[in-house]
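One chain, chain A, links the two complexes that follow: it is found with chain B in the first and with chain C in the second.
Right, the complex of A and B next:
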């Protein structure tokens, strides 16, 4: 499919949690790739493994109770799962950066925002405080903090949620990362601010030529920002497609169900159908397809065998479903 | 949203608490007076505190010797003024050492957790199981009587409460989002602890320090009283009380004035410490 090396590629990445003395896979066999200048959205409901995927890429899972369960994370061809913790911390905030969900609590309350950004720059670029502060001010202006120079020494509590999220973005971007992981960065913000932040992220992606992994459960946000979409369910990627393809022809029954519960202006709101049941617990994954217990298309094979990802005709859409792969004539 | 409470500027809350609490001004005033006395001792003292004069032994308070003289004919007021220096020095330095060692251990234990945490907290429990004075006595007796050893002994006895007070907020802060965000920016554990955790909890430690400084001064007096403090002839409040003890029935001024000095210093530090504690306690502040 792709001739050039993607900026970030996950190959069969698994992460396991220790629960009741046994290791259970929180995410398994996640294979994704993001190119330069591309936004990949990861969608799924709570507990589907979206955030675990992002934290596993940066290797930020807690050291007790979680472990790398196999697979590779390739940053420009280099496997970061094999780096030492020291080499890894040189990448964090530098080549790979992350934005979190809660802008209200993700900043140190005892430090001015300018210095918080400058600290990261100083660490990774080995600059003096004054040079680092200059860069910090530039980024603050880039994320459109009004009167950035005047507010440089203000403390986080003097900013609104949207402004704090801009500061968080500035912190993540200060070292010009190649990969930006955004874990629901707009969930805690109200809708108008959300739109501003999304536009800002998109502009910055183009300006920096970054690869962005955007984690969200909001399909409206996906439609606005993503180039490609990975739908996750129960710790697995169940569908991978271009954004237009996904909204026009969802293949996996779970994706279909997700689209049906999304309110749209062009269809009748009375047609919203909730998905029955809930995500299986990490300790009680079904033997067959993870989605089988909630699936309307369920067949006998779904309950006994675990489906793999199969590529649909056309070559860009992948789905983890026996029924749909067969219907589309792909090889199951 | 507890985050909103803790991000409110501390300085203004501090002044609010100080201005609301009238007693805290008494404490602050007293403390300034005591510190002033220690700093300007050479100018304030009417006589040399070590100058003996057998002709004026055990003189009661008089216009010439305001607080009387001791059994060697030394001026009690001058010795009291110079003694302030020792008491404050010992209290302050010992608490600084206890604070530095104790809170570093506490932050490390809270951050690292696991076996290290359990070992440190076990040691802290052992330290806490001894009464301060008994422990100070043991250490001072082991090290021998000198100013430095006295400071070391008192510092060791007061490490334990600082470990506890530093550890608890560290455990809470460790799970805050900005620490996670710091890790995502590639910050190492030392940077996270020093730059991001310590500034968020240091006020608790400082308040505890002001309260325990009173205890350090008391311990110094007690150890000097039993002869394990600064060796004679240096004047300290504790050793003055001990020397006066022999003549307590016919020369009351020898014990009463140094005791009063200790009482007032401890009172001042406690009043101030209480006000500081109220200032940083969100439960009391919201009332």
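Right, the complex of A and C next:
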């Protein structure tokens, strides 16, 4: 199946933050790939590095206090970490677009939504305002904003939260990106609206043949939208699997714990099993496995050596755990 | 089980506009004819989407927002008629825990000061007794004694929520109103706090009014649930029954749009259409009829009352989903 090169591939990507005069890795050795017409979900708790991964792909990390710590970001084979800032800004919003969590703060409150989208189009295409506005109206209709033509000149505050998020999606799609990065796009929305936005994103992915990286902390949302899933913990990918495999046979103890800790609407859970302890601070990462201090399967080796990603038999599931890799007979 | 809190026909209206700037006067019925009971040691969930009035209900219970009409009885005492002294005594027995553990603690007070203040306000105990009491409460919510002289910014979100819970507990209340107490927390921390609340519920025989938008959390924590839509309770019953076999079409939509961690159970979304209408301009008849797949002409005209449909189950719908409930 993997005959063509993936649309986007991360190879050992690291990003570092300067804290107290020292550089600490916020994400390290992140290797992921997304194919055309595929949704990769990145799931993790606060501080797991999922948003930093997305911002690093687009090189949107602040210039001071953060730096590229090595690795490559390949967009159709081209390493974007080596591009100049000018070339990079030509890519952003064009071949790679991003949707943020808070649709109110991401839109310009002083400009009508139609013109905001048209402006984004004109930045990347040599088009007249009237042609750009036509494209803007098309995408607004495509994201199913009711009476899009009538609302073209309305301002962001005149829209509900769900509609604003649709406007954000329309803006991201206006230049027909190859890669769409969605950072918690439904977290601020009510569940019925969240369900509508998830369906919309899934339909658009198929219509455009996009590669989508969907960042969320909610495993329920992951099950809804993902084709493949990367579970992040402490700045690393600890498990990478096909969505069905991940939920049927979670391999990493952290993934298992996350599934046990989530209260479900469809079944009674007599007892949630909280994960003891908390996520380690970026400045105080354990020497061995990052999850070891909270792990029930911990062995002596876990506290001294850092596990790599092992591929489990079957070839599609990868896990960063000594114990589970050994039990499954996987190879590093 | 004895009824601890009895709420009947609660109404709260908010007005906007109508001032000299000339904006037209608009009335929002944030809470419209809400009634429920909470028994001792029981937890009642209020669920619904933004703007359904669940937080307003929570606040009117302590008269942090004054209701316009209706009655609230706490252990037989009329909360709305209570004078200043009586209300202060009542607030000792009813405490509230807020959503945002960052905004609800005073950043300039240590944990010791935060926890001692309610006891001092109510004149409960000498300084040494207060000291013992707050030390014991810290222990009860799972915080170390070393936390006593630290400031809120030194704690994580989950620990801050524990401080907020401890502040509610020092007065030994009988009812805790919890307004989205775990919504701002990560799932692993959320489970820790839920476990703590559950322990308090059984050990202290505490009653809860638990406001949440997360049906999974409500299913886990609440014995009974009221589903709210645009200021009204549209369905009420034991939590598991309501979620497994909802009677009101809106409860069903709400349940079906809550994602579950199982790729085999992907939501079929064709039926979930439209958004919550503006509360200033409510639809005629049943407020849900513009979004309802089962809408009949009757629904546009009259608003259905919350009626008994089955034992312990009430719904405000002319055509409750009784048949489907039997199938599933």
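Assume the second predicted complex is superposed on the first by the 327 of 332 C-alpha atoms of A that agree within 3 Å, B and C clash if a C-alpha of one lies under 4 Å from a C-alpha of the other, contacts with A are read in each partner's own complex, and residues count from 1 in each chain.
In this text, contacts are C-beta pairs under 8 Å (C-beta built on N, C-alpha and C of every residue); 3 or more make two chains touch, one makes a residue touch a chain.
Nothing here was measured: the structure is a model prediction, and the numbers come from that model.
Once chain A is used to superpose the two complexes, chain B occupies space next to chain C without a clash.
Within the superposed three-chain model, A:217 lies in touch with chain C and out of touch with chain B [touch as defined at top]. Applying the stated contact rule after C-alpha superposition, one finds that A:307 touches neither chain B nor chain C. Counted by residues of chain A touched, the larger count belongs to C, out of chain B and chain C. When the two complexes are overlaid on their common chain A, residue A:157 makes contact with chain B while staying clear of chain C. Of note, the Cα-centre angle with chain A at its vertex and chain B and chain C at its ends comes out at 80 degrees, rounded to the nearest 10. Once the two complexes are laid over each other on the shared chain, residue contacts for A:102 go to chain B alone; chain C is not touched. Once the two complexes are laid over each other on the shared chain, residue contacts for A:114 go to neither chain B nor chain C.
In the superposition on chain A, contact is made by A:123 with chain B only, not with chain C. No C-alpha atom of chain B lies closer than 5 Å to one of chain C in the superposed arrangement. Across the superposed pair, chain B and chain C touch chain A at no common residue.
In the complex of the two chains, the chain B residues touching chain A come out as 1, 3-4, 6-9, 114, 176-178, 180-188, 191, 195-196, 199-200. Only residues 58, 60, 64, 89-94, 97-98, 100, 102, 104-111, 119-120, 123-124, 155-157, 168, 171-172 of chain A touch chain B when the two sit together in their complex. Interface residues of chain A facing chain C in the complex, by the touch rule stated above, are 45-46, 160-163, 190-196, 198-199, 217-224, 226, 243-244, 247, 257-259, 261-266, 268-269, 272-275, 278. Of all residues in chain C, only 49-50, 156, 158, 186-192, 194-195, 213-217, 219-221, 240, 243, 253-267, 269, 272-273, 275-276 touch chain A in the complex they form.
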